[in-house]
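Next up: some structures, all given as structure tokens.
Two complexes follow with chain A in common, the first pairing it with chain B and the second with chain C.
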Partner chain A sequence: MKFWHQVISITWKDTFSEIRTREVISSVLVFTLLVIVIFNFAFGANQETLRLVAPGILWVTFTFTGVLSLNRAFIPEKEQGCLEGLMACPISREAIYVGKMLASLLFMLIIEAIALPVFAFLFNLPILTLPMVTITILATIGFVAVGTLFSALAINTRAREMVLPILFLPVMVPVIISAVNASKMALSGKPWSELASWIQIIGVFDIIFLVVSCLIFTYAIEE
Partner chain B sequence: MDNGDTGSTFQDQVIEIQGLTKAFGHHLALRGLDLKIRQGEKVAILGPNGAGKTTLIKVLATIINITSGKVLITGLNPKDNAEEIRRQIGVITHQTFLYGNLTANENLEFYGRMYDIPQRKKRINEVADMVRMTPRLYDRVNTLSRGMQQRIAIARALLHKPTILLLDEPETGLDPQATSILWEILNVEREDKRTIFLTTHSLERGLEIGNRLLILNQGKFAYEESGQTLSLADLKQIYQHYSGIEV
Partner chain C sequence: MKRTILLWISLALMVTALYLIFVIAPIERTMGIVQKIFYLMVPMGWLALLSFLVVFIGSILYLKKRSLRWDILSYSSAEVGVIFTTLALVTGSIWAKPAWGVWWTWEPRLTATLVLWLIYLTYFMVRSFATEESRGATFAAIVGIIGFIDIPIIVLATTLWRGLHPGALIFQGGLDPTMLLTLIISLLTFSTLYALILMQRISLKNNEVEIKRMKELSQPFN
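Right, the complex of A and B next:
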């Protein structure tokens, strides 16, 4: 119970700080919408082409969104010298990880909740369906599970903005491939049973990386 | 280094360090330190930049792990009891550990939750009053002066009534008012059993606060003086001799 109390306090602190500054959400949201608009112009109005490329565009966009937003997960903490203050508190490192991860998840889901209807409107595709929402939420959990860990690793490096994508993107390949394939099927109106295998891959990835990231976060943050 | 008091028991010792080594890659920041500190002692660590003072504070605050040796804080091993140890330690450094976008009250509320402090509001008001920041408690930290931020940082460190206070060059960047408040609080604290572990560049401050002085140079304790028998002039000479830095 105490663990979750601490986790919620960290998530609350990050969320409250973000509400005050809108540093991450506003800039990342503008970036996300711009990418969607640029891709829309680039591929023209041919509905067949759009249907084919839309899942790829969507997940490339959300991957960039993830990199940008997760890059900021620990930077304010580091810049203000608060990370050591947090580490000196009588809380487990896992609580720090889960708290920061939930805050990043919340920010990304907010951005995606705004971006998805815009994407649906511009590409004229049935994006706002239960399968698409499920795929988006599951893949985003995978993004933040890995991204929060790598963001903590990257803050102690000089070129931290570059380090995160270099570490993050190769590890995220299974989630991106699964999300693209599952989205392709969902947009073609395929039943749940056909999507299941891709969704399961994302789900298993989420569980594995949540557990592994939680366990190795202590080492990432301490040295 | 032992405090030389043969009458002290293990229970008296709040900090016990044996053969402490900390390496960052190939660089040895701390080289086999030995130190015992009894409850209520005020220990001042003097040393030039790069001597290992901050690393030592971070080890004692359980922020970083040691490479080899043994550290016991209130008889507990940081590896197995880090959270219990952290509950007994307050840390004040030149960094405030405060979130600029939050108000002073929100910062104290957040740290209060982290330390699971009962009757948080009452305690926040107490510590804010102690550092004379009650009128600015609801202002965002990034609108406060450096000195005011450090006063809130002092309040944050005292929030959970720590029995050990670790101070890492807390005067850096402080205005005279904040400096005097900090030392006023520490002088009041002399009355109780709180252990104070201070690292500083200021020989005057070390002499004033510490009832035990140590000089740390290149990761090793080069000199120790127990008691308050030194004059500032003597200390300057000794410091110059052991650190090679003219003061």
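Right, the complex of A and C next:
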């Protein structure tokens, strides 16, 4: 019980500071919308092409969004000296990881919850279906599982903001491939059975990397 | 002494393998003589994975025990591994042109090898981005562990992605026994070569670390 107490207090700390400052959600949200619009200019010659590229656009957008919001998970902590305070607390490192991960997950889900209807509106596609929502939630869990670990790693390096995407993107390749293909099928209205294998890949990825990242996290963050 | 024996063994194996590949192994029906790159490409792909396995084991041991020799093992294996991965991509590309008409195709094996190559790259980059050597070693170990665990999932995803359009089968049906023998000898040769180069690199790295330590000792008041 104590573990979850610690986790909730860290998640609440991040959420509360976000409610106060609205830094992450507003800037990342605007960025997301801009990226969707620019992709439309890049690819959207006609409705047919849009239908083909829409899943790709959606997931590239969410990947960029993920990188931005995950950078915000630890970098401000380091800059304000908060990280040392956090590590000096009688909290286990795993609790810090889970707390930070849940906070990033919450932020990303809020941004996606706003971005998906905008996407449906601009691209005229049936986004708000149960398969799409499931894919989005599972893939986002994958993003934050690995991203929180690499974000903590990135703060102790020189080129902070660049390190996260460089480390993160090759590892996320299977999640992106699976999310795009599953989305493509979901948008064409295919049944669950065809989506199953893709969703299984994302699910397996999530479970494995949640556990592994939690175990390794203490090495990433120590001085 | 050990290394010299290994050198002669690998030399003998290499000569045998080359003889088998170019003289004994039969020419494949559909693809002709180009198919023989297969005997080089498969071992290199195998070595790319083996090197990363050694990086993975070295990384775990480094994080657990904090002894520099495990980091030296991981680093050396990663260096050898990235070279073999590059060669695997190059030979794959050389094969692709006459076989399928294009230099590159997003075929599952090639794509997975490319992503492995990128992960190797990030392994080295994270070292150079770190503020100090020991930090760099820790971060690289983390990348080594995460990267290796990711590889099966990457292979699964890329196979599912492209497996729906079977454009690139290496051989229809089974392998001729002579071809199988050639392949096995080739694999053995390259594995021995890997061990040899790895030992060489580790010894070189040990010397580098020793020289650095001596330099620091000789300048005590810096």
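Points worth noting:
One rule holds for everything that comes next: the second predicted complex is superposed on the first by the 221 of 223 C-alpha atoms of A that agree within 3 Å, B and C clash if a C-alpha of one lies under 4 Å from a C-alpha of the other, contacts with A are read in each partner's own complex, and residues count from 1 in each chain.
Going forward, a residue touches a chain if its C-beta (ideal position, glycine included) is under 8 Å from a C-beta of that chain, and two chains touch if they have at least 3 such contacts.
Please read all numbers here as calculations on a predicted model, not as lab measurements.
Touch criterion not met for A:W59: it reaches neither chain B nor chain C. In the superposed model, A:F123 makes contact with neither chain B nor chain C.
Once the two complexes are laid over each other on the shared chain, residue contacts for A:S197 go to chain C alone; chain B is not touched. In the superposition on chain A, A:P170 contacts chain C only, with no contact to chain B.
Contacts of A:F74 after superposition: neither chain B nor chain C is touched. With both structures placed on the common chain, the touch criterion links A:F209 to chain C but leaves chain B unconnected. The contact surfaces that chain B and chain C form on chain A in the two complexes do not overlap at any residue. Listing the residues of chain C that touch chain A in their complex gives 63, 115, 118-119, 122, 125-126, 129-131, 135, 138-139, 141-143, 145-147, 149-150, 153-154, 156-158, 160-161. Contact residues on chain B toward chain A in their complex (touch as defined above): 58, 61-65, 82-84, 86-87, 89, 91, 93, 95-102, 106, 110-111, 113-116, 140, 156. Within the complex, the chain A residues that touch chain B are 2, 5-6, 9, 12-13, 16-17, 20-21, 76, 80-82, 84-92, 222-223. Residues 146, 149, 153, 156-159, 163, 166-167, 170-171, 173-174, 177-178, 181, 197-198, 201, 204-205, 208-209, 212-213, 216, 219-220 of chain A are the ones that touch chain C when the two sit in their complex.
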